[in-house]
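Two complexes follow with subunit A in common, the first pairing it with subunit B and the second with subunit C.
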Partner chain A sequence: MADHSTTADTSLTSALKRIVRSYKVAGFLPVLLTVLLIAFAIFIPNFLVVKNILNVLRSSSYLVIIAAGQMLVLIVGGFDLSQGAVVALTSVASALIMAGLKDTLPGHPDLIILFGVLAGLGCGAIFGLVNGVCVAFLRISPFMVTLGTMSIATGFALLLTSGIPVYGMPKSYVEGFGRGLLLQLPTAFYLAAAVVAVMWVMQNYTRMGRYILAIGGNIQAATVSGVPAKTYLILAYVICSMLASVSGLALTAQIGSGQAVINAQLTLESIAAAVIAGVSIKGGVGRVEMVALGAILLLTLTNAMDLLKIDPRIQAIFLGIIVVLAVALDELSQRRAALV
Partner chain B sequence: MVAQMTTVDADNTIQSRASQGARDDLLLDLSNVSKRFPGVVALDGVDFDLRRGEVHVLFGENGAGKSTLINIIAGTFPPDTGTFKYRGKDIAHLTPHGARFMGISPVFQEFSLVPELTVEENLFLGRELTVGGFLNRRAMRARARAIVRELNFDLRPDYKVSQLSRAHQQMVEIAKAFLTDVRLLILDEPTASLTDAEAAKLFDLIGKLKVSGVGIIYVSHRMQEIKQVADRVTVLRDGHKIKTVAARDVSENELVELMTGRKIGVLFPKIVSDPGEKLLEVEHVTLADRSVDDVSFYARAGEITGIAGLVGCGKSEVIRAIVGLEPISSGSIRLHGTEVVSPTPAAMMQRGVCYFPSDRVAEGLALARPVRENASMAALALPGFSRHRILQRRSERRIVQGIVEKLGLRPPNIERAVASFSGGNRQKILLARGLTRDISVFLFDEPTVGVDVGAKVEIYELMKALLATGVAIVLVSSDLPEVLNLSHRLYVMHRSRMAAELTGADINEPAVLSHFFRERQANDTVTHALN
Partner chain C sequence: MSDTSIPAVSLVAGPGRVWHRNAMRWGFILLLPLLIVGMELAVSLIEPRVLSLRNVVNVLVQSSYLLLFASAQMVVILTGGFDLSLGMAVSVISVATALVTTGLAAAGAPIWLVVAAGIAVGLGVGLLVGAFNGLFVSWLGINPFVVTLGSLNICYGLATTISGGRPVFNVPDAFSRLLYDGTFVPGIPIPVTLAIVVAIFLYFLLDRTVFGRALYLIGNNPRAANLAGLPSKRYLFLAYVTCSLLAAFGSLMLTARTGSGEPNLGGSLMLESIAAAVIGGVSLQGGVGGIIPAALGSIFVTALSNAMDLLEVGGYVQQILLGCVIIAAIFLDRIRVTGS
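Let's turn to the complex of A and B:
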């Protein structure tokens, strides 16, 4: 009898320990997300409707992709303000190429799409390279560099289109990829899932992931240990911008036209998603799976506010408050950790 | 790749055995190496060589060029001029990565560890083991455990470095050097935060390495250690090589004379104490982060109150707390007998307490601004510097110029940017700030770190002159000869607590050292039990 109860006790305590440990690993975010989802499902009538769920999944997919890139740059101790502008430029450039090739390559929609996609990714690669080189070699603060490139990318996008949407992309790109469903789920969802999976493997099982963390943790130590820090610093910026391009391509396909003004809030949202997910703005800390949850949380909140018919201008104020609060919490928790 | 390296090595050993020449015995041969940094010549035409299986100690004061030299050898930065021969080959464009690959393993004092990574991840940083492009975690874990066991260190490979004590971080740093096949090991004050038992383990290891033909460059200030491990000693001073001597042929006093370039008695002026009233009293002060735990001391007018202790013992923190730079959780501070409630640097300055930070670049000076502005920064509200919030520039210039000339700033040009002055002169500029207003308590935090010998003497003379005006001086220093020779009363701090107060003839090296290491063993067992 006595034996029985002790084994029950130990299995209970070990289960508790396991919960505590997984809480320590995963943190507050999954709990918060679950609570919010349950609350919204109960209190907001149209929240738990298939169409709405698909809507949230799709819109958060674009953000997950961008935020995963933003996370890398935050980990190496910088940030990328040009992401939103790169999304817009990608959208414009890919749409222009596809529309322009429509007459040159009739009957080859796949080739047209390929060139469009390459043009879009090229925009991301170039801007990422410029950002990275300026930060790594010229030692300009990431804030100034990406503020500058943001303006450059926005300027190009507006110059190329005069602000008019670009139509004429192949139907298969828009209907098949942008608005298509695969096993009932939007294609963008699979794209985001793939990005998160690749990044997760990269972070946990490759040298590159470890180097990026090390550079953010202590760049001096990384350099002295023989890590080619500058290369990986630049790589982080390039991947970040290219992920912005990936998201821009998917977004363009969904909208059905190339737009120079896509979503002014994207950059702020991507930083917000990362910071909510515990990515430290001081660098060295961040996990992609948490960032994905952060992005979903952010867009679930936005969606709930939409359903509650809250003015978008008020939503913008709300987003700003969330960002400041998340950073303040990060700062406070670090200070407390320092005291222990 | 690794296999190739080993065969090459085997060939070399056979060759060296065959020829038995002394030249083949040379592992490293630097000649006429110079390195210049903006504003300083860190190394000037230095020759240095290292044989296989020897311990070559680098000895010199702070700023003598030791760390510049070991950084050049480790590939952190290249020398401006000079030749670098390693195992008989001329080496150019050495990178940290390349150096490690060739078997040069540095153990820096400033840890090259990433706090957010685990011990194991840090050990392998920059040379991770991989299988098909992916990290081979299991192999790395096994290798890490094996190395820790071999070194006989008490380390857990899965702990994050940020969770470790300084001593354990030091062990990780050392273990990191042993990951690859070491041929040339650089140890930069490796025992600075180790206990005696841990240091003994390290010395055993050094003995084994010597037998297996590894050359070791050992940087240390500790005479006992040098006696224990050194084969040869090279003394550096102000970027010049003074002499290389065989360790057994040289006495401690000779080494110190070589290092300072003068007899000890001449370096430290005779300062007469004339203790008056207690100007500053610190009672049972504990800091919020526990880096200072229940510490009490006082400082009297007309005497130098020294505080000695190892790096990280809390000695800097306690005087920083006096001016409100560290949050105090309990205890009291009294100035001229009245209690100070929640001190701030500005309020303490007004009450006549001036703190001189040890990190002059980070906390003391605005490098891009001229001497004048840096000196008058603390006094701008006083008459003579401003009237009705409008600056009195002419009078400011006059006052600052006077002070700067008294301090012997070179050149005495108060419109020059601080960045263009050397370490010793920067310290004088910082001191000038304290002299622009009435100060009765001077708190010096490592005042002579990175200062050359000549400027040191001038700073000591200044302290002497200040003391004669009846102020109280608190001197916190890791430089043992400095606190020993200047203090009239000397406190010793150990692990956040006050360990002893020494006066008169009790102020001597053995007494202080015994308190540095007191109860250390007992404390270690307690921390381990808690872990």
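Let's turn to the complex of A and C:
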């Protein structure tokens, strides 16, 4: 009898311990997200409707992709303020190429799409390379470099279009890819899931993931231990910008036109999503699955506030408070952990 | 005799190297003024209007606003932080001041009370924003980027909510007369006078007070500042309050100039103020800077955009060029730091 009860006790305490441990690993974000989801499902009538869920999934997919890139750059101790501008430039460049090739390559929508996508990704690669080289070799502060490239990319996007939306993309790109559903889920969702999966494998099972963490933790120590720090720094910036391009391509396909002013908030949102997910601005800390949750949390909140018909201006106030509080809570819990 | 002189010379380094170092130092100090003068002269060959008295006065008036915002930004950059909320704080202060002054004027309050209340409310809101930023940055030790990103959103929400997203017109003339139209010193426009007064005040604050010197030490070496027994947290808090109060003063001057409270007033000011300070030579690493670099940076940025306006360079191209100038300026700054 007594024996039995003690084993039950130990299994209970071990289960509790496991929960506590997984809480310590994952932090309060999954808990917060679950609580919010349940609360919204109960109290907001139109929240748990298929159409709304698809809506949240799609809009958060774009942010997840961008925030994953931002996370990489934050881990190596940098910043990328140019992401939103690269999204806009990608949107404009790919749409212009597709619209321009419409007459020269009639009947070949696949080729048109291919060139458009390549042009978009090329913009991302170029800007990522410029950011990375300036940070790694010229050792300029990432904040200022990406501030400069943000201005440059925005200028180019506006210059190319004069601020007018670019139409004329192939129908299969817009209807099939941008607005299409695969197994009843938006295509952007699969794109985001693939990005998160690849990044997760990269972070956990490859040398590159460890190198990038090491560079962010202490770049001098990493260099001394034989990590080609500059190469990986540049790589982080290139991947970050190219992910912005991927998101820009998906967003363009969904909107159906190339826009030079696509979403001014994207850069700040991506940093906010990463920071809420516990990515340290000082570098060296960050996990992609948490960043994905952070992005979903942000857009779930936005969606709930939309459904509650809260003015977008007041939503901005809430978001600001949430970002600061989330980081403050994280900071305080870390401080307590450090004391223990 | 000759025995003692040899080691002395080798310790102090050769006269040639001293000369070289001095030349480098003076070269960098004079670089920006020379660039400004050179640019104006070069532009005047194509467009003589750039050196007309009217245009020069115009540039000085324009740059006196930017001087206030750049020096506000400089105070927190010295401590190793920055203030992303500055632009939106300017917006919310402008709207709040306009609402109070128009409201009181409509209620028939005496004109001195209207002006005094407007200034008090503007500075009061600035104080609140600064206290919010300072509290989270200094006492909770949260990264300034996150804190001011949050307050940026909060200020944006407040500015657009209380104004309904529209400009608040009919700010009383007396307010504009005090801070824009009237005269303190004959021949010198009021904005320039005020900017000079603020610049002198900041010079004494940063160079001649314990608080000012402490800001440099906190930015250079926060641990040393703590060990030296400085109340670092209180000074850091005060730095953010000073920054927001200066921004508030600048916002009052801008409101007096437009004669209305504009929710979009500060849109580009955050980036412009950081760019002007850093182009002037304020280091984003903290601990390096002063009122003269901030002033020179502001005049340079204003003169550059004024010259491009007169040469009829399009706004989009200006944006691209500004981005290039920012990166080039930081690169030069980098050479200065590593070169000396």
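We adopt the following convention: the second predicted complex is superposed on the first by the 323 of 340 C-alpha atoms of A that agree within 3 Å, B and C clash if a C-alpha of one lies under 4 Å from a C-alpha of the other, contacts with A are read in each partner's own complex, and residues count from 1 in each chain.
Simple rule for what comes next: contacts are C-beta pairs under 8 Å (C-beta built on N, C-alpha and C of every residue); 3 or more make two chains touch, one makes a residue touch a chain.
Since the model is a prediction, treat every value here as computed from it, not as a measurement.
Look at A:285: by the touch rule set out above, it reaches subunit B but stays clear of subunit C.
When the shared chain is aligned, subunit B comes close enough to touch A:217, but subunit C does not. Ranking subunit B and subunit C by residues of subunit A touched puts C first. Looking at the shared chain after the overlay, A:228 reaches subunit B, while subunit C stays out of its contact range. Once the two complexes are laid over each other on the shared chain, residue contacts for A:259 go to neither subunit B nor subunit C.
In the superposition on chain A, A:327 makes contact with subunit C only, not with subunit B.
Within the superposed three-chain model, A:206 lies in touch with subunit B and out of touch with subunit C [touch as defined at top]. Shared interface residues of subunit A (contacting subunit B in one complex, subunit C in the other): none. For subunit A in complex with subunit C, the residues that touch the partner chain are 79, 134, 138-141, 143-145, 147-152, 154-156, 158-159, 162, 268, 271-272, 275, 281-282, 311, 313-321, 323-324, 327-328, 331-332.
Listed in rising order, the residues of subunit B touching subunit A in the complex are 74, 76, 95-97, 100-101, 106, 108, 110-117, 121-122, 125-128, 130, 133-135, 137, 176, 288-289.
By the touch rule above, subunit C contacts subunit A in their complex via residues 82, 136, 140-143, 145-147, 149-154, 156-158, 160-161, 165, 271, 274-275, 278, 284-285, 314-324, 326-327, 330-331, 334. Contacts from subunit A toward subunit B in the complex involve residues 201, 204-207, 210, 213-214, 216-218, 220-228, 284-285, 338-339.
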